[in-house]
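By written order: A, B, C, D and E. Residues from 1 in each chain.
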Amino acid sequence: MRIENHPILAFADAATVEFTFNGQALSGREGEPIAAALHDAGVRVLRHSPRYHRPRGLFCAIGNCSSCLMTVNGVPNIRVCVEPLRAGMTVETQDGKGRLA
Amino acid sequence: MKEVDIVVIGGGPAGLSAAVHAAKMGAGVLLLERSQALGGQLVKQTHKFFGSRQEFAGERGFDIAHTLMEQIAQQEKIEVWTNATALGYYPDGVLTVKRNENFRTFRPRKLIVATGASEKALAFPNNDLPGIYGAGAVQTLMNLYGVMPAKRVLMVGAGNIGVIVAYQLLQAGVEVAAVIEAAPRIGGYWVHASKIRRCGVPILTGHTIRQAHGTTQLTGVTVCRLDEKWTMIPGTDTLFEVDGLCLAVGLSPLTELLWQAGCKMNFVPELGGYVPWRNEYLQTTHKNVYVAGDVAGVEEASAAMVEGKLAGLAAAFALNHQTADFAADYRAAKQQLNALRSGPLSAKVCHGLCKVMLEEAM
Amino acid sequence: MSDDIIVCRCEDIKLSEIRGHIEQGAHTTEEIKRRCRCGMGPCQGRTCMPIVAQELSKATGKSVGEIQLPTFRQPTAAIKLGALTGGDGDD
Amino acid sequence: MLAIDGTATAEDLQAVLPTPDRRRRGAVAVIECFQEIPCNPCADACPRGAITMPENISQRPVFDPDKCNGCGVCVGRCPGLAIFVVDYSYGEDTALLKIPYEFRPLPQAGDSVTALDRQGAAVGSARVVKVQEQKNRTTILWLAVTAAMATAVRNIRLSGEVRA
Amino acid sequence: MQWGTETNCLLSRESTHMLENLAELLEVDVDIELHQGGYLMPAYTEKMAGQFKKNLELQNTLDIPARWVTPQEAKEIVPLLNTDGMIGATFCAKDGHCNPFKATEAYARAARRLGVEIRTYTEVTGLYAECCNIRKVKTTTGDISTSHVVMAAGGYSKPLCRTVGVEIPLYPERHEILVTEPVDPVQEAMVMSFHHNLYCQQSPHGSFIMGIGHPDLPESFDTRSSWEFLQEMARRVLKVLPGLAGLNVIRQWAGLYDMSPDRQPILGPVGGVDGLHIAAGFSGHGFMISPVVGRIVAEKLLGLPTVLPVDMFDAGRFQRGELFIEPSVV
């Protein structure tokens, strides 16, 4: 969910772009981290962990922790907390270690 | 390979200030910032800062960031690289950098490390469920991108970050179920605590997490009380039905590059963990490596800015750059830092700093 | 969901495993790393090593400051092999 | 207690609330700053020199109620949102409060809102007299409350809104 | 097992057999993560192809199941392989790798069970000999009296032997290595290219591990990493395995090879000091042959006949000018 009316901050306008998440059409703001657009759409499970297949989501938001690795445009292990959203991206939940394209 | 006078690593309050003051002395500066934008944690801070006018007291963190960025833009001697991560510092004095998706190498004559700190994690069952965030992540989502992290959040940690982010959550329209804190006392400024308290948010000191619940994402958190030996008291469980859990349980300095440089380090709990030995010029035991801000010991942003100034001036001076007011400028900044650290709340930091101060001068 | 605690997110390592290695005589972060890969993932141990150090401190009676951390190896952030071939060209 | 749950005790407040004599003379600031933090914008803000820092910025501000006229400039400047203005001379049994407010949506002058105490509990209703928006985005709300509530009320909730 | 001399072929063949059955052999319950995905060794010149084919003949007479493969077959074995310029390759499916930490642990457990005392966190500071006989080992946790010492301290063997006046021609050489983040298995076999002077394998865990050989590195105990290695490694490996370009490097480190003048180990007693036996100088391929070498060292120590002949590796060969020439070594 987006913050509609903030007492202190004004959020810069960015173009709305379309992308897909596991085949589902979603939209977000161009250039924001993919994880932000997914959160706005209510998607918080970003991957499943390599050994126990536990659901994982956004945790550190600075590209440190490996919690948010997803497959983007076919490339595995993309840190979506820092990867900017671009129009037409294919974003997929990653199960395990990811397949080298 | 590019030769540079001074490379500043980190575009937060310490790094920005270091770059400005080194450039004012006449040194060429390359400023590296790993994220898309300068400002570090400042850009996520919606509250007004403490301190005095010199440290922009009364202004909000993100406004201060913009002021510093303007100062940077005015300095021709500063080159700014964003999306640029320092990858390694090698024995031959070469710094490697990833900028966008390119690999670059430098041989800086002086290096100012202002990499800040990273958030500590907490071990409890199901601590990896989606919906559990570091406080920094929550701030990034809400305050940079305008996205709510959850509908109802439990905050862990009543240090300044915990109480400040709890207030920011309320400002964003997110419900805050409570702030819990393992210590028997609130660590953050009482004024920040009072702000969330009068919004009806309970602050539960002497409480910790027993367990998080949820199958695919967070649905609740069981909290229990701690006795004076920090052990969980049976029968004191409370369940909070929340879809967000925010961890603000402390910071530890991001010191990888300092270890790689072979700087002598010391474990100082008062400063957040391992920090480098340094002299009064913020120079480490590696003569070309200076530090400023949280990487030198976790403290407030105001102190980080002044440390940045000191490190920037000292590194430029060491490269034979001179200005007429250098000595006066330096003395004034020292006094400014001492004033910031003069209160009882800085006693811990001062105590910690004593454990890593080198005596010999530059 | 189990009651166990994930210590290392990268390699999915649980607290019970860490404690098991400590019981079997692993008394340094380096030994634990070699036995179970804790800290060897993409995050370079930033999340897990403080927790491991705490466990070692509890088990050995040493203070956390006396627990030696594993070496901080380069690179501090992940970089693609393809990016490394570029060298010092323009961006 | 502030250190335990973030709420000032009666004793804490005793030291900062206006004396009966000062109450009678009209609007006055209440500086609920109980901790020695390095900070001095309140002293810089006061046009009448009623707030000063004794020696260094880490001490608590010293307040001279006789110099204060309750203008409320400090209310909007205090980084800790810890300064309020209370005016017991506002009406027969009504006091005027000026409180800092940083939430949206803002109430409008004339609205009736729920008055909250220092723990966020509803203690009655308040009438919004004026909404003073400021450049620094800390809005100052002027609230009319019963005199009996004036030392307790420190926040508001819009009608029908449940924040926590 | 794809060596060019009978001795090395046999040492590695026997060691492979031992590793294949290590748990039974040592009577310990340890999974050493042995994975026999094969080694692929591409040839890019006629000269190299000629040597490889000669090696194959030798290997096949010794029951080592290596074979010649065409570039196309090589690509089937390693799908990411760039076969441009490749004449062919040799491949032995029985080659593989195992987890060295686990294998060491297995041996340590077996040794302890047999009564061996293992002292960790104990640094050997020197040896002590009297009348040309070993008497003591000096350590940071006290002296140990003994009449026999097996010096298997890698590059540190030389300075330690010096403490009793024995000079062995070893020198440490820094070798750098890098590892990528793990991905699902795509490459079973290790690629070892003499032409590019590199090796690259995907571990069972999923990460790729790779290193390069440097011809004339200075003697050094330095184990710090260099930035040049990252670039050089990436440039070379992407020529052979271009599909790895998108893979993230997460760590680099360096270790020491204990090099001997002919890049072959020094095994057995040394002249001058009785009771001092050397097992060092493995020049980067020690782990591979260590199971059987360990056995041989024990046999020699006890004066028993050895399972394989290793006299050609004796310490005196350098003085005599009888270097052991192995044509197939990185």
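Following the convention adopted for this analysis, a residue touches a chain if its C-beta (ideal position, glycine included) is under 8 Å from a C-beta of that chain, and two chains touch if they have at least 3 such contacts.
Note that the structure is a prediction, hence the values are computed from the model and not measured.
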item: Neighbouring chains common to subunit A and subunit B, by label; value: C, D, E
item: If a chain touches subunit C and subunit D alike, it appears here; value: A, B
item: Most remote chain, CA-based centroid, reference being subunit B; value: E
item: Chain at maximum distance from subunit C, centres defined as averaged CA atoms; value: D
item: Inter-chain centre distance, subunit B versus subunit E - centres from mean C-alpha coordinates, in Å; value: 46
item: Distance between chain centroids, defined by C-alpha means - subunit C, subunit E (Å); value: 27
item: Whole-Å gap between the CA centroids of subunit D and subunit E; value: 76
item: Touching two or more other chains - residue numbers and ranges from subunit C; value: 6, 9, 41-42, 44, 46-47, 71, 74-75, 77, 79-80, 82, 84-85, 87
item: Residues of subunit A engaged with two or more neighbouring chains; value: 5-8, 49-50, 54, 56, 59-60, 63-64, 67, 77
item: Residues of subunit B whose C-beta touches two or more other chains; value: 34, 60, 88, 90, 96, 103, 105, 118, 128-129, 171, 173
item: All touching chain pairs, where touch follows the definition stated at the start; value: A-B, A-C, A-D, A-E, B-C, B-D, B-E, C-E
item: Sites on subunit A touched by subunit E in the complex; value: 50, 75-77, 96-101
item: Subunit E contact footprint on subunit B (complex, rising order); value: 88, 90-92, 94, 96, 103, 105
item: Complex contacts: residues of subunit D adjacent to subunit B; value: 2-8, 32-41, 44-45, 56-59, 77, 79-82, 102-104, 116-121, 136-138, 154-155, 163-164
item: For the subunit A and subunit B complex, residues of the former touching the latter; value: 1-9, 11, 29, 31-33, 35-36, 39-40, 44-46, 49, 54-64, 67, 81-82, 84
item: Interface residues, subunit B side, partner subunit A - complex; value: 34-36, 46, 60, 62, 118-119, 128-134, 136-137, 140-143, 145-149, 151, 171-173, 216-217
